[in-house]
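Listed next: structures, encoded as structure tokens.
There are two complexes below, and they share chain A, which is joined by chain B in the first and by chain C in the second.
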Partner chain A sequence: MENKRIIENKKQFNLKQFFFQWEWMLVAVFIIVNIMNTSLSPYYLSFSGIMDASMTFLDKAFMVLPMVFIIILGDIDISIASITALSSVIMGVAYNMGLPMPLAILLALTVGAVCGFINGTLIVRFKELPAMIVTLSTMTIFRGIAYIILEDQAAGKFPEWYSYLGWGYVGPIPFMLIAFIVFAVLFGLLLHKTTFGRSVYGMGNNITACRYSGIKTDKIKVIVSTLMGVMAAVTALFLVSRTGSARPNIAIGYEMDVIAMVVLGGISTLGGKGRMLGAIISIFIIGLLRYGLGLINVPAQALMIIIGIILIIAVTIPNINLDKLTKKKVAA
Partner chain B sequence: MSVSEFILELKGITKIFPGVKALSQVNFNLAKGEIHALMGENGAGKSTFIKVITGVHSPEEGEVYFEGHKVNFKNTRESQKLGIAAIYQHVTNYPDLSVTENIFIGHEKVSPVTKRILWNDMHKRAKELLDSVGADIDPKVQMGTLSVAEQQIVEIAKALSMDAKVIIMDEPTAALTKTESEQLYKIAEQLRDCGVSIILISHRFEDMYRLASRVTVFRDAQYIGCWGVNEITNEKLIYAMVGREMTQLFPPKENKIGKEVLKVEGLSQTGYFADVSFNVRQGEILAFTGLVGAGRTEVFESIFGITKPDRGKIYFEGKEVTIKEPLDAMNMGIGYLPEDRQKQGLVLQWGIGQNITLATLKDISKAGWLDHKKEADVAKTLAEKVTVKAVSIFDTADSLSGGNQQKVVVAKLLASDLKVIILDEPTKGVDVGAKYAIYEIMRELAKQNYAIIMVSSEMPEVLGMSDRIAVMRDGRITATLEADGITQEKILEFAMLEKK
Partner chain C sequence: MRNISKFREAGLLAFIFILCIFIQFKNPSFLSLENINDLLTNTAILSILAVGMMMVLLTAGIDLSIGSTLALSGMTAALVVSNNPELSPIVAILIGVAVGTVCGLIVGFLVSILGVFPIIASLGMMNVFRGLTFMISGGKWVSAHQMSDSFKAIATSSVLGINTLIFIAIIIYIVFYYFISYTRTGRQIYAVGSNVASAKISGINTKKTLLLVYTLMGTLSGLAGVLWVSKFASAQGDTATGYELNVIAACVLGGVSVAGGYGKVSGLLVGALLLGILNNALPLINVSPFWQNAIQGVIILAAILMNALVKRHATKENLMRRKI
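The block that comes next holds the complex of A and B.
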């Protein structure tokens, strides 16, 4: 009776499953947004047009990458825009005080890392506090420090070469886009191809089981938060390069845009689900939508409403679908 | 016998859950002003029975009579209306609300016209109720600031506020000290004298002897009998609770016991366990038994690094070690199969394969990069070794039955390079066939010189599988016994009775 059962270990390709993926939905929306933009402006649909457009939103895209990790963990970080502000202010002040620019950039990245590390440490140290509350507190603290350092002044007069970061081109492609692609590939690989990424998914689904499986859950959370801080500083580098000066009030509202891009990308706020690719497509959907509506002078407030509506639709569609599908199965 | 003699009577109750008969033709009756004890091992069906009485579950077969009338409760509200109240083991209150709010929640006193809550009336009534059970508790304080015993008294007052005629107490003294228990006994007697009937569920013989006039015993979902407390003895009662035929067969022993691997000395954790010392040797199966709540799981969670013990030493292969987190224990060669496989053992949304490799990601990767091919091979080999019933390693864990889920968790353990395997309730909620498969795996591991610790509340498997048995009661090891020639009665004596 004890005949050995054979268990399959090759994944079968399933055409239906392949097309029943959130990313295809996003691709469709992406195309719709582009069609819309094209009809709004005859100059939009050109390679250089889209390249130029991308430079208006790519600064925050750097923060989407680690935010994917944070939301997969089931946490959230709303202090990121404040980290961007703080590290840019410190970079600007340090440069104006005579620190060479490369070192000032390094300092900015360090400030970002330290802020992220503080967030992560607080989150694992006080487990009864939700990440939302922890980062709500640090959000005001970080930006508060930025204001104390610079009040409502600006720091700037950066060297010529620094503006290349935000404005420069490599051939026909913006330097910023190339930098983003490099980071996106790195983060994508980290999430999908490494034990680190596997642990992050595991923790988002069942952190207790991961702990019992010997995964250093606290360490992983701190690392992810630190990466988030570093990338917030990277955003600062590009943003300041584009605006030309560092102010304590820059990047306000960026956290909401970033979280919106991640959630629209199909990454569940309950944790454990979603892929990097979805978030990357969403960056371009929301970014280009903003750009397109900006072309016809839709006011910023109306833009927020539109993005809010898209978000609600985006997160409810999969739920509605699933519900109906399961009900059909029961009836049949 | 006229029906009306009893305030509550249940006849031929059968309750079936998918795949399990939780109650099979059980009978029970309760006289007015009687304290009736209900006893049985863990899993004998007592909790399900209580839920049938209170209307949480409706039985497939059988009849329930309340004050001589046939009733069919569909929910707890209906049973409460007639005067049946249950006070559960884990007090289900609102710690941040006041005592008064806890007593009147769901049936607040409101002004008939404006629907305003009548706080003064409620506080006054609460005070009266608490006074009537002889408790000096301020109804305005927060529930959470009270001791467990006081909270239980508040629950009793809550029952009285709903004019309860029948009060069910589920393990009321489990978390109480001696003096607190004494206070509870007095309240129970007082209620009885006022004509309230009480169903007392307790593992403690002291409770039953002290309070009850009759005792009903369940075993394996069956009604075994009902006796007057003064005509029964400890031995008779224990036999009634455990005296089943050994229907499960266990694979034969083939192990040779070798040298000591793990030794624990004086391990203590305030509030959970104290002065726990034991050792386990290669090829040995050491069972840890005792009642639920005796502190067994807590001991092993502290050894595995989930929690920290306050005192005590752990020796691994003769060397003293400190285990700060599970990874330390696993690197040493200690593996732990947690008690709650769904919460602690599995990522339910994941496939079998990813679950199996979760604890050993290092082994299926190179410098942090996952090797999916290797992972698939490892997962396949182990899943087949423990005979998981599944089609592919991509089947999700939540699609499996309890037994197969447990096999996946076992496979995950086997993926590591271990010397000591701690299995916490390895067959809990597992069907008979899968149970046997798990026993076979345990035997095989013992034969391969693993040291195995099995935490189990199920007497037959403790007796049938182990070489030695450690019995725990109230956080302490009360006996470590050689399994040969031991009886269930003897073990239960150490597990339940206070040391003389």
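The block that comes next holds the complex of A and C.
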């Protein structure tokens, strides 16, 4: 007789569980933000306005995607803004020295990949050092190199077509938004539908168990870091296209914004938890909040306070033990 | 472990020594009394903050909000002083310290009571405090002519022949050296950082310890804020942006483990001093200011990698010995 046991792999669909997800809460916040913005300013709810606005905050969104991987791994990378600065500076200088623009762009992406690879290799080779510390020092080094190359100058005068990257439209939709959606889908598929993505989750939960079960953990970490570097360079491409010139001091503080977006998206800094969708929604929450409040002349500084408070409330809510609040104390 | 830490500090000291000789050779004015005074004054604020950060790192936490706390308390003190020129500088310092303490208390509350991860709690509060700094100042600077002379004198006067900033830093080091190394609460910080669970089981109130650590960090940031504003005679909304990373770098250079439970005040002093020397000496030997960032980064990276390698070697030796 055949004695086969079939392990049911599919989870039962549970309505309650489905609705008590972080992403739904984010969607609710997203809707609240939009309603608030619409009621505060009559100019908010226009398609072209929102499309224009999306171009102002999407540059750092490209870095959110790989940062999700890194934080799920339980690591953190604070050198990303410096990688952006370095690759943009090298691109600008190379172009001004006569390299054709497509090659300069390729060079920028390569620089990003190399920087990410260096980060990844250091983290893997020195496992006793927290990723935060490794990237803290490479952060200083990468931006330092950018300063050595360009000092206080700017590199620019890029060709006409290059500004299309940051300012161009395909029909009514900004090119940048389309590029972001393409990248977001790719990264989302990589995280949720491939073995690679599942390994990343596994490593975030228990890296030793993963290594013993034959996952090449070091290789995965280096690949993720390299991807991070490449996306930091992609951010550089769009950012420089928008500002028109490359300077060593661009993108300062982006790393904190990016980490804040990822964490708001429900991805735990302990690793192993969270989904790509949450991070993507939170990009738009913060971006549109900024745009909407900017329309009614709320100063940027007040926005910092609001975003800080939202971030803290968002991470505090899951910590509150609902059972403790709802259950009555049992008399001893 | 004791041997390694001694070796580390000796190594760093030797490095500082060689560095000093090299710089002195290049520019004889480096080891002049005047320049040393300058160097120490510039390092004082960094080293005050480093003490607080060390305690936070000892508990395996991190505080990214200190740059903003510093700015907020400095700005508050400066605004109060510019409105009441007759105010005694002691009161100004107390105001700054009070603001800083409240800021630290908030971060500590989030971390210890609500259980938010330190990096997230401090990241959020970093934004909040920075925003508040801009709000209370209305985006304007408080510049030198709006401050009373007695307030500016905090940083320029001297006590017992030493600059007040250095004097305050020395006092703080003595107090905290005693606190961290010889009091029960101080030792409990190490216990919480090494192993929270066992600390809790052995009866340490871990929540209280965490709260205390972040509050002290805030207090020291508040003090540093007033000193900063008095030293540079200007309070701006973006004062000390990103300074928290310098402070963390000083701690790491000084051998404080970011994973918690390991670090000493003496090591910290050496780390802060090395960063201070680098900042002070590179312009003296005509290194372009644009090179400073990269050089600093390379030295920090080299120091932490060396540290890791030395530790690895020591662990291996220990294991070998155990086999026999």
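Here is the rule we use: the second predicted complex is superposed on the first by the 310 of 332 C-alpha atoms of A that agree within 3 Å, B and C clash if a C-alpha of one lies under 4 Å from a C-alpha of the other, contacts with A are read in each partner's own complex, and residues count from 1 in each chain.
In this section, contacts are C-beta pairs under 8 Å (C-beta built on N, C-alpha and C of every residue); 3 or more make two chains touch, one makes a residue touch a chain.
Just so it is clear, the model here is predicted, and its values are computed rather than measured.
Colleague: Which holds for A:Gln301: it touches chain B only (first), chain C only (second), both, or neither?
Modeller: After superposing on A, A:Gln301 lies in contact with chain C but is clear of chain B.
Colleague: On the A-aligned overlay, A:Ala131 touches which partner chain: chain B = first, chain C = second, or both, or neither?
Modeller: It touches nothing on chain B or chain C.
Colleague: According to the stated criteria, A:Met228 is in contact with first (chain B), second (chain C), both, or neither; which is it?
Modeller: The answer is neither, since A:Met228 touches no partner chain.
Colleague: Considering only the touch criterion stated at the top, classify A:Gly272 as touching first (chain B), second (chain C), both, or neither.
Modeller: A:Gly272: touches chain B, not chain C.
Colleague: Under the stated touch criterion, name the partner, chain B or chain C, that contacts more residues in chain A.
Modeller: Between chain B and chain C, the winner on chain A residue contacts is C.
Colleague: Answer with first, second, both or neither: which of chain B and chain C does A:Ser213 touch in the superposed model?
Modeller: The answer is first: A:Ser213 touches chain B but not chain C.
Colleague: Touching A:Met55, do we find chain B (first), chain C (second), both, or neither?
Modeller: Neither chain B nor chain C is touched by A:Met55.
Colleague: Look at A:Arg198 in the shared chain and tell me whether it touches chain B only, chain C only, both, or neither; answer first, second, both or neither.
Modeller: first
Colleague: Per the contact definition in the header, classify A:Leu65: touching chain B only (first), chain C only (second), both, or neither.
Modeller: neither
Colleague: If you lay the two complexes on top of each other, which residues of chain A touch chain B in one and chain C in the other?
Modeller: Residues common to the chain A contacts of chain C and of chain B do not exist here, since the sets are disjoint.
Colleague: For chain B, which residues count as touching chain A in their complex?
Modeller: Listed in rising order, the residues are 304, 306, 325-327, 329-330, 336, 338, 343-350, 352-354, 358-359, 361-362, 365, 368-370, 376-377, 379-380, 383-384, 387-394, 412.
Colleague: Could you please specify the touching residues of chain A with respect to chain C in the complex?
Modeller: 76, 78, 122, 126, 128-130, 132-134, 136-145, 147-148, 151-152, 252-253, 256, 259-260, 263, 269-270, 299, 301-309, 311-312, 315-316, 319-320
Colleague: Quick check on the complex: what are the chain C residues that touch chain A?
Modeller: 62, 64, 110, 114-117, 119-121, 123-128, 130-135, 139, 237, 241-242, 245, 248-249, 252, 258-259, 288, 290-298, 300-301, 304-305, 308, 311-312
Colleague: Chain B touches which residues of chain A in the complex?
Modeller: 4-12, 193-196, 198-199, 202, 205-206, 208-216, 272-273
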